[in-house]
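For reference, chains read A, B, C, D and E in written order, and residue numbers begin at 1 within each chain.
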Amino acid sequence: MSSRVEQILSWYESDNPGVLKNLHWMMNTGNLAGTGTFVILPVDQGFEHGPARSFAKNPAGYDPLYHFELAVAAGCNAYAAPLGFIEAGARTFAGRMPLILKLNNSDSLYNSKNPLPALTGSVKEALRLGCAGIGFTIYPGSSLRNGMYEQLRALAEEAKQAGLVVVVWSYPRGEGLSKQGETAMDVAAYAAQIAAQLGAHIIKVKPPMEHLEQEAAKKVYESEKIAIGTLSERVRHVVQSAFGGRRIVIFSGGEAKGTEEVLKEIQGIADGGGFGSILGRNAFQRPKADAIKLLAQIQDIYRKAK
Amino acid sequence: MSSRVEQILSWYESDNPGVLKNLHWMMNTGNLAGTGTFVILPVDQGFEHGPARSFAKNPAGYDPLYHFELAVAAGCNAYAAPLGFIEAGARTFAGRMPLILKLNNSDSLYNSKNPLPALTGSVKEALRLGCAGIGFTIYPGSSLRNGMYEQLRALAEEAKQAGLVVVVWSYPRGEGLSKQGETAMDVAAYAAQIAAQLGAHIIKVKPPMEHLEQEAAKKVYESEKIAIGTLSERVRHVVQSAFGGRRIVIFSGGEAKGTEEVLKEIQGIADGGGFGSILGRNAFQRPKADAIKLLAQIQDIYRKAK
Amino acid sequence: MSSRVEQILSWYESDNPGVLKNLHWMMNTGNLAGTGTFVILPVDQGFEHGPARSFAKNPAGYDPLYHFELAVAAGCNAYAAPLGFIEAGARTFAGRMPLILKLNNSDSLYNSKNPLPALTGSVKEALRLGCAGIGFTIYPGSSLRNGMYEQLRALAEEAKQAGLVVVVWSYPRGEGLSKQGETAMDVAAYAAQIAAQLGAHIIKVKPPMEHLEQEAAKKVYESEKIAIGTLSERVRHVVQSAFGGRRIVIFSGGEAKGTEEVLKEIQGIADGGGFGSILGRNAFQRPKADAIKLLAQIQDIYRKAK
Amino acid sequence: MSSRVEQILSWYESDNPGVLKNLHWMMNTGNLAGTGTFVILPVDQGFEHGPARSFAKNPAGYDPLYHFELAVAAGCNAYAAPLGFIEAGARTFAGRMPLILKLNNSDSLYNSKNPLPALTGSVKEALRLGCAGIGFTIYPGSSLRNGMYEQLRALAEEAKQAGLVVVVWSYPRGEGLSKQGETAMDVAAYAAQIAAQLGAHIIKVKPPMEHLEQEAAKKVYESEKIAIGTLSERVRHVVQSAFGGRRIVIFSGGEAKGTEEVLKEIQGIADGGGFGSILGRNAFQRPKADAIKLLAQIQDIYRKAK
Amino acid sequence: MSSRVEQILSWYESDNPGVLKNLHWMMNTGNLAGTGTFVILPVDQGFEHGPARSFAKNPAGYDPLYHFELAVAAGCNAYAAPLGFIEAGARTFAGRMPLILKLNNSDSLYNSKNPLPALTGSVKEALRLGCAGIGFTIYPGSSLRNGMYEQLRALAEEAKQAGLVVVVWSYPRGEGLSKQGETAMDVAAYAAQIAAQLGAHIIKVKPPMEHLEQEAAKKVYESEKIAIGTLSERVRHVVQSAFGGRRIVIFSGGEAKGTEEVLKEIQGIADGGGFGSILGRNAFQRPKADAIKLLAQIQDIYRKAK
């Protein structure tokens, strides 16, 4: 076991050997094995945005087995998806890739100002399907946030007892925030802190922008001269906000975009001490070979950054 | 076991032998035994629309035993109904026909913009009554959809543990959609995807129309030139949207109509790779002999299409 | 066992011997023993309308033991009341009369457009008190109907496992209906169907009026020429709507009225194939001797009708 | 055991020996032992109105032990209080006085038109603390009354199984009633009936006024010429409304007032056949010696009335 | 064991030895061991106000281990924090400091007039992490207060069974109160009473102001001439309001301020018989050495006051 992996595991000092085993499995899988960095493939867009918007561009992706294959071929650390997608390939790929069962999801056929996803899986299902962890989305800023925090709390307690890693998608959204505020610096740092306090092992946030949303926070950023001018600085501050760097924080890729743009962003994340990326549409909406190539380039950046 | 049945069963790789046994039973019952296609008789209209609107046309249908007899005589794959109707004949017909206990229903004495059916049965009741599966309706597009998804999730988990097949009626409806949107192409495909992600074994949707409801989806249908001009093309796209064809998707018959009209629609479904039909009013509102004849013609179409 | 009782029991083919024993007990109790018809004494008006409105006219009725005595003396098939009233005499009258514990009730100190009764008893209490069955009210037409259906579903499942008979008061009421609609022909038939589908063994409805409430239903009543001109015809249609006559349907007496009026209505119910009556105020608000006499006349009508 | 105590116990014929033991304990404690009448000390005003409003007048009352001592010294039948107050002295006074754990309470820092108290204790806590019974407040007339009835139902079922006496504070209040209606004759009688039907062993109501609140009730009071002109007549009618006198009904003292006024009211209650009083502020807001003297005078009235 | 500690433990006469052991541990830890007074370090501001507002001033505080170290080095009686912060150091510091797991928290990304914190921990988690107690916030004055009281009731019951100390943050807030009312004398005393009645072992309130919020209370404060002119008098009244001094009441420090100001306030609390302080921002936002020095000065005041 590399000393970096050992170091990271040491931060999770209250967790049982079951959780550490699965965290260890993720950090020793794929092209980034042993580096303590992550590239994870998440595919919940079929549920979140609908099948055509997600898979029509690369129709191989309609088939759930495609994503298992892609995650394995591209040397990812883990593959995350909702119940149906995991069920469809969990036996075929059993043991070949750490799986993360996404336990809540929102569809787009009804939208509300204060989103609250539906529970779509359970810890028991994650265990039945041989998963290494569970995934859960919270929307800080929503009037319904507390319901999500409480669901997460209960699921995390159950998951940890069962030795599963808890991965939290912390996505600020809802009436408490302006549109710009959803990716604001202060809000992103706060979102990471909330996920960490709720007991997340791995925290997924969006790369933050320079905007500061909350007046009371803004004053402190200015008076304390917190550096947030570059993406790297902002990533560094988010990582610091997750227990002074003692929690794994990874960054989402967002909407599909060009290769160059993606790589530039990844470089910024890596330079700021981000632990890795979790990319969906930028991976599975490309032809398989292109996706594998892009993910290899990304992995390269993270490998070198460490 | 026909290789087609074997192939279909292979898609449900995470399910236990109990579920496969019941799925196998359905696929080896009636006139379509061994073909991997389905004609199912559902009779929940007494609850949904009231007794007179459902049964006055063919008063034999007031008696719950009539529908068991019809399903057997017409060589259907299964018979689905709410608790009371199943209780009334489950002992007499025990073992003669796979039964699906419908676990939620809406009556028409109160209507709301955002429907949420009542739970009217349970997995335990389905087991007590010797059923092969459970049925559950979700209304994507309703502001209350998440409640349904979460009920389904919990019931499906319990049903699968007990070896029961999970059949989901995925009927878009509610404030999130226009009237036309309820049968829109993009919405129907999305509804099938949601049901599949929630872990359905068999998905029932309405035959989709050419209309595209959501702007973000419409762009993709146009840019990716997804063929949706004919019913067959639309059915093919719905089946693709249910995990690239790896889930059984069947189509409802809707309001009672003339024989010719029905058969034309069935042909379209069969040509598009639909797995079968689930017909209520078009079956039990006809005299018994006529219903048997019509169902035989429909079965013929599916048998030939394969 | 009379063949009529045997026949009726045969309809409940999915029920366990415990339920059949209690149903058998009811049908072999009192003056109508062996006929398969029913006169039941229900006394929940103290809770529903208040003590003075219920008992001041015949103050003996303030005492809960009075009603047990009346039910026994008048040869009723069963006595139904809420928890407190049953607790007060269940030991004294243990074994002498089938008791039905009414599990939900509404008081009149607060009224709402969409009523939802309070749970006031439980299956466990019914067993502790030696009851033969449970009673439960649903209000189809209320915006809160689904809550009632779901409570009934769960209680009925529990009661049936424990061998208790499930008696459902199906009283249309609430925002979904006009005042006239509460006793409309189509609505009464629908209410009986809903109770039957929810698994009721015995269904209590109000004698329906000729009015038709729902447009979609009205069309069918007219096109199919369903006879609803006389009370007997309407009762016959309600009985048909409860699984083609395979469920026991009994009719409430409503507000206290003159003897002649009561007997005329009972004759109509009996002629239409109704299974009996459930009379409260028309029984306990008369002096005891008068009540016994009236109930004897009613029993006479049902005995002759069969 | 006095024959009066025996008689009262006989009314609770469905209760187990555990409940009877505790009821017996209350009726054989203090100065009224053996008479079947009651003077109970309740102290929940600290929670309901705040500490200064409750205890500043007689600051000894800030200390929870004071009230145990007062109840013992004054020869009360029982002492009732919320969790914290009972916890503070339950060991010191174990066995010396029947304790009633008040299971719900409302504070006055937020007020709403339709009150719903918070659950502040449990049956399990009552058992842990050696209590003889539980206390519970319902507010008939509140839009939220059903929630209270259902909590009471469940707690009463649990308490009776554990052998605890169920004491119900039935206080009409909320949007369904006018201010005057809260103590109206018809409403008080109805409140007593509701508590009895919900299974209360001991019912606490306020002394009713002559006002009649509900039109439908008023008609009956007038046509049946129910006597309600004096407090004694009104108390008699309330006791009658609680199962024809087969349930213990006691009356609250209300706001603190002069000795003469209190004694006059008690005389009226005793003359009307009330089973006793439950006095808080009129007891603990006086100096201890005065309180003991007043309670002795009250006990004297009840002793003589029997 | 000092006689003062013994005396304090004697007030908790209904608690089991497990609770007394943990209370004893807190009172025998740190610089105030044996005095029966308290200085506790609470750090939930990361969740409540966000990471930058909490930790940017002294960035060592981003790291959860820093606070454990500070609490130990400064000789505090206990350290309180939410799940994530406790998990991060509970193994390293096991046994070195009594830990209090804060079980509910509110973040500031969404604000509502009537706050209701999210549950963020559980009794089971507190036990897993070796904690000595649980912490819980209630907001008397919020329309949602009853939900908090009921959560606290259930958690306190569970915690006491498990031998954990129950610490309640009683912070008046919400629509029932004016802004000034949140720290009003009558309201603070009432808040302490509510927490005590709900079964708290240790009650945390804010130092009260002279303002009187509620009309009915004001009358009593004036007629009974309750002394509230100085902070010491107000503290004394709060302590009296918590069961006549039979419950531990400690006072929060509030916003960060100058050393002199802090010490003056502490002197007032100590003079009034307050049991101690619970200081967060005034401790961890100073450099470590400064914080230790300040806390030593505070401890000195409490030691001398006793």
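One rule holds for everything that comes next: contacts are C-beta pairs under 8 Å (C-beta built on N, C-alpha and C of every residue); 3 or more make two chains touch, one makes a residue touch a chain.
Just so we're clear, the structure is a prediction, and the values are computed from it rather than from any experiment.
**Q** Strictly by the touch rule at the top, which chains does subunit A share as contacts with subunit E?
**A** In this structure, no chain contacts subunit E and also subunit A.
**Q** Can you list every chain in contact with both subunit C and subunit E?
**A** D
**Q** Could you label the subunit C-subunit D interface same or different, taking same to mean over half of its residue numbers are used by both chains?
**A** Here the answer is different, because the shared fraction of interface numbers falls below one half.
**Q** So what angle, to the nearest 5 degrees, turns subunit A so that its CA atoms land on those of subunit B?
**A** Rounded to 5 degrees, the superposing rotation is 70 degrees.
**Q** At what distance in angstrom does the C-alpha mean of subunit C lie from that of subunit B?
**A** About 36 Å separates the centre of subunit B from that of subunit C.
**Q** Whole-Å distance, subunit A centre to subunit D centre, using C-alpha means?
**A** From the centre of subunit A to the centre of subunit D is 58 Å.
**Q** Which positions in subunit D are in touch with at least two other chains?
**A** If we look for residues of subunit D contacting two or more partner chains, we find none.
**Q** Which residues of subunit B touch subunit C once you look at their complex with the stated criterion?
**A** By the definition above, subunit B touches subunit C via 46-47, 49-53, 56-57, 59, 62-64, 66, 82-92, 105, 107-112, 116-122, 124-125, 128-129.
**Q** Hey, which residues of subunit A end up touching subunit E in the complex?
**A** 11, 13-15, 140-143, 145-146, 149-150, 153-154, 157, 172, 174-177, 186-187, 189-194, 196-200, 214, 216-217, 220-221, 224, 226, 237, 240-241, 243-246
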